[in-house]
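To start, I am sharing the structure in question, which I have written as structure tokens.
Letters A, B, C, D and E mark the chains in the order given here, with residues in each chain numbered from 1 onward.
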Amino acid sequence: MTDAANSGRVGADRPPVILYEEVVKRYGGFVALNGVSARVHQGEVVCLIGPSGSGKSTLLRCTNALEAIEGGRIVFEGQTLPTPALAAPVRRRMGMVFQNFELFPHKSALENVAIGPRTVLGTAKAEAEEKAQALLVKVGLADKAASYPSELSGGQQQRVAIARALAMEPEVMLFDEPTSALDPETVGEVLNVMKRLAEEGMTMIVVTHEMTFARRVGSWVVVFDKGRVVEEGVPKQVFEQPREQRTRDFFSHLSWSG
Amino acid sequence: MTDAANSGRVGADRPPVILYEEVVKRYGGFVALNGVSARVHQGEVVCLIGPSGSGKSTLLRCTNALEAIEGGRIVFEGQTLPTPALAAPVRRRMGMVFQNFELFPHKSALENVAIGPRTVLGTAKAEAEEKAQALLVKVGLADKAASYPSELSGGQQQRVAIARALAMEPEVMLFDEPTSALDPETVGEVLNVMKRLAEEGMTMIVVTHEMTFARRVGSWVVVFDKGRVVEEGVPKQVFEQPREQRTRDFFSHLSWSG
Amino acid sequence: MLEFDFSPLVESWRFLALGLSVTLGLSAAVIVSSTVLGVLVGVGRVYGPRWLRLALTFYVDSMRAVPVLVVLIWTFFAFPLAFGVTLPPLAAAFAALTVHVGSYVSEIVRGGIESVRAGQMRAALALGMTTSQAIRQVILPQAAIRMLPPYASIVTMTIKETAVSAVIAVPEFMRSSEVVSSQSLRPLEVYTVALVVYFLLMFPVARGVDRIYRRLAHLGRS
Amino acid sequence: QEPPAPGQSPRIDNIRKSGVLRVGMLANPPWLFENTTGGSQRWEGPAWVLVNEYAKRLGVKIQEVAVSNDTKIPVLPTNQVDLTLAPVAETPERLAVVDFVLYSKQSLCMFGLASNERFAKAKSIDDLNDPSVTVAYLVGAAQEPWVKERFAKAKQRGQITSNVVPVDEIIARRADAAPVNTFAWIALSRKVKGLAVLPKENNCQDSNEKSQPVGLAVNKNEDVYRDWLRKVADGMSGPLRTEELRVINDKM
Amino acid sequence: MTYDWSVIWQYRGALLSGVGTTILLSVLTMAIALPGGVLVMLMRRSPIAPVSWLGAAYVEFFRNVPAILLVYWTFYVLPIVAAIDIPPFTTGLLALALSVTAYNAEAFRAGVGSIRQGQWNAGLALGMTRSQTFLKIVLPQAVSRVVPAIANNWVSLFKNTSLVSVIAVGDLAYNAMQIRSQTYRILEVLTALAVIYWALGFPQAKFVDWLQKRYGVKE
């Protein structure tokens, strides 16, 4: 990656938290990631955008070592990621938020947030729940601690999921289309929480179709297509002067203007 | 409804195709529709907007006599709607498009479009399929006639669903959030088909969260909240100078501006 | 047309009640043990290494193929020949029914586990849990709730199968009924009552579990 | 009779060592009657008297092992019991597998519904050997080979159950006639109305049909053990007969 | 104990005829219980309360009694209380069909219930009547979802035919018991019985798994 490619990139002087080097991922014969190189610096909010099936979710899952890669490598804090079977210690240092929330339906909101520290770090129940309550306050759900996921709206569920990931005090947060399964009216509440996180300096990788968010909160935008990085840059440049035809195609599909 | 309330309404001079008079619908103790009065004139594109749970889908289901109402009445072409058990003849004169497409998974695209005329009108197979093919061409799916729903993208499925409803040559089309289950990139293709329909003069009731569509294609906008009509008017007025606080609240939730 | 005479049943009520208590006890014991076995086998079939999965699949499919009657008699007679240890009828029935019912439980466990979305496993792993922590804390509790309705059928099936153990003379309800019928020479009355008793035993179980399930279902819906 | 000295019979040595005599139990009145209506004693009848005597002489306890019609013979070769107390009749087929210790005998009668035309018109047991008649029997019981031979021309229905008398077959008119032993007939005629029996003379008590010895069974090829059991049984023939009559009169 | 496996060969005729009866009984039972299951399922779905109540009662009763007692009762008690006389094979068939019908009805009900309300609405919205929607839209989809459950019922049925041996129908289990009572070769006969059931049942179980993979509900 040339310095020119990083022009205007905030924090590019700092060492990368995550570094992708020619990452290749296949499913059977299908190549989902076809040589992806990119980097994420501390404090950055990197937004991944691109058409459906282009490999964005796959990249996030590989980042969290939920799936093994077939080629290249992913370096997290200077260390190459281990295979999925050995990755538990690495995963606890990354928080992940899923499109379908994936809250644990048999646990209350508070227990969902507390279960990570309790199970993984062995934190005492009282301490874990106290911290969990504080996180629920932070995402604006102080009064929903005792509710079960089935009793919460989509937006509320997703905010619990964010609190759950934060409970492990991760060094980086990975978001996979966190608002695309939400009612249009509850999208905002989740984006607000994410924006606040970004302002606090959390390093974040966000797969999203919310262009307003990418434009206003993202500090770096990476455009994906067919398992490759097509273009990257600061939001202003990517959205206003996309260099690549494929980026322009993507934008033209995205917003309907009749 | 006063004439003032219809100011600027195109086609308000023509007799209404559908007339709602104080419609009440309850689910157990819950009041889903709480005295809804409204009208739809021939050739109009009426857009229903409003928060989740406000009763928009319920109104559409009642319009199609899929559910019985507990109070008031719905008049279609001068005739009060019968109870659901007797409504088959009325339903064949309305087309309905659902959020989840609801294509018949065991039938090909062509058969999905042809099954209505075949079963309900007793049209001969050859004739029904010829017409179905023409409709598939119209929605831009000439080459997908033999595909099964599972082989189609969301946008393609929804276009087949529209063709299926059109096959009955309905006098009015009802759309219930036709794009909210779609990938952001395929929303446009469905909205384009709907726009073309509107331009051909089809009377349409559209429940939607696509404000661009409502603003540009809708000829009349009705804002719902808690089972009631809060405000209605031409799109320009409703979007740019909403009279009601609740309408403004709704808009402010809808578009995230960080 | 003959008259019915239910007096032998009334006179022998203590004997029959004893048989009923054996039926209940044996059913309960078999349900507990086959649940343990079924969970182990079910989890092994989903998460185990390949050789284990193949072995367990063979066991489960064999049990599905052979009538419980045959398993039961086989256990009773083959066990002493193979191991030189005689099993009293009750122990033989317990072992045979556990092995048989356990295979059915394992199928339910496997179905329950597989019906939990893959995303739940990912979410647990993403928190830094190990696979076994994720299975215990996240997957199995949800699977358990989803398993309730088929599990109710397993409970009733177990009660029915204990009746078959009368052939190796386990002193349970079916056997007591046989004894009373053969000594009182009133088989029709005895078996009619047995039919009703079994129904009264099983019906509340099925309904009760159903009711519990309806209350808990939302906790298993991810 | 003193039990054989140690070393003569491995079976007896084992019984002594373990301190229990394992006994296969299945009610079959009057020889072995199971008390199902409460009362102090679970078992009564000559078989029970006899086995208690064995246990006393060996100085061991009785361990009951429940058996069914299906298992009463096979438990012997598989060594699940030391003897099958459940009263069994001696038949050539069984003799190929087990040895008997006999202390009583039985004969069979044929019973049927008095209102059943096919049964009512039969004057003797021979008349039942007719293609229009259906004869029921218990599969695995001593009567099975006899029925097959004696009623070769009749239709036959074998019932698989732990019943002693296939009374349900008769009442439900599934069969026209079925065997019953002379003792069971007394009880049967008292408890179920509307039945008739052949031979009619003396209410069938003098029947000589399928007269056969009844007793207990032990595994084959254990002659010392078997012979000692037989000697004890022979020595007790008087008390055993008394107990048999008592059960017939009091219990059946 | 010594083994004498020659008895199996000696009695092969009886064993084979038992296999024949077992298969015939299973096939006929299913042939009745499939339409029967649909019928009871329709009863349960009926808007007329007593009819749906009757359907539910039927299912609950037959699922909650041991089949062995059911067979016994139909054969011995029914002729007395109802004064009807049915031959053994027919009785076995009837008892099994009654019970499998209940299980099939539940399978069909689950299948029909698993079809989203939206599919009903889509059919009705085209102007179809309820019965047209049911026949053309819901039932065809339900059938393919039900195939694995029905196949499972079939495998259970195949094993449960052994229960009719109590009323002396010459199925595989009954004939094996007869051979056993004539030869006292219990272990040989039972082993042969287990092997025959296994050889017939194992492929069926595998086939059910395949069906499940192919047609199972995925949503």
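Criterion: a contact is a pair of C-beta atoms (placed from the backbone, for glycine too) under 8 Å apart; a residue touches a chain by one contact, two chains touch by 3 or more.
Because the structure is predicted, anything quoted here is derived from the model rather than measured.
Participant: List every chain that touches both subunit A and subunit B.
Facilitator: Joint contacts: the list comes back empty.
Participant: Along the graph of touching chains, what's the shortest path length in steps from subunit A to subunit D?
Facilitator: Graph distance in the chain contact network comes out at 2.
Participant: Where centres are the averaged C-alpha coordinates, which chain has the largest centre distance to subunit E?
Facilitator: So the farthest one, by centre of C-alpha atoms, is A.
Participant: Counting in whole Å, what is the centre-to-centre distance of subunit C and subunit E, each centre being its mean C-alpha position?
Facilitator: 19
Participant: Averaging over Cα atoms per chain, report the distance between subunit C and subunit D in Å.
Facilitator: Centre separation, subunit C to subunit D: 35 Å.
Participant: Report, in whole Å, the distance between the mean C-alpha point of subunit B and the mean C-alpha point of subunit E.
Facilitator: Taking the average C-alpha coordinate of subunit B and of subunit E, the gap between them is 47 Å.
Participant: Return the residues of subunit E touching two or more other chains; collapse runs of consecutive numbers into ranges.
Facilitator: Residues 1, 76-77, 80, 186-187.
Participant: Counting only residues that touch at least two other chains, what does the list for subunit D look like?
Facilitator: 70, 74, 78, 161, 168, 171-172
Participant: Considering every pair of chains, which are in touch?
Facilitator: The complete list of chain pairs in contact reads A-B, A-C, B-E, C-D, C-E, D-E.
Participant: Where on subunit C does subunit E make contact in their complex?
Facilitator: Against subunit E, the touching part of subunit C is residues 1-2, 61-62, 64-71, 73-74, 77-78, 81, 153, 156, 159-160, 163-164, 174, 187-188, 191-192, 194-195, 198-199, 202-203, 206.
Participant: Spell out the part of subunit D that touches subunit C in their complex, as residue ranges.
Facilitator: Residues in contact with subunit C: 22, 26-27, 29, 33-38, 65-68, 70-71, 74, 78-80, 161-165, 167-168, 171-172, 184, 187-188, 191-194.
Participant: State the interface residues of subunit E toward subunit D in the complex, per the touch definition above.
Facilitator: Contacts found on subunit E: 1, 75-77, 79-80, 85, 88, 165-168, 174, 177-178, 180-182, 184, 186-187.
Participant: Under the definition above, what is the set of subunit A residues touching subunit B in their complex?
Facilitator: Going by the criterion above, the answer is residues 51-52, 180, 183-188, 191-192, 195, 209-210, 212-213, 216-217, 250, 253-258.
Participant: Sort out for me which residues of subunit C touch subunit A in the complex.
Facilitator: Residues 117, 119-120, 122-131, 133, 137-138, 141-142, 145, 218-222 of subunit C touch subunit A in their complex.
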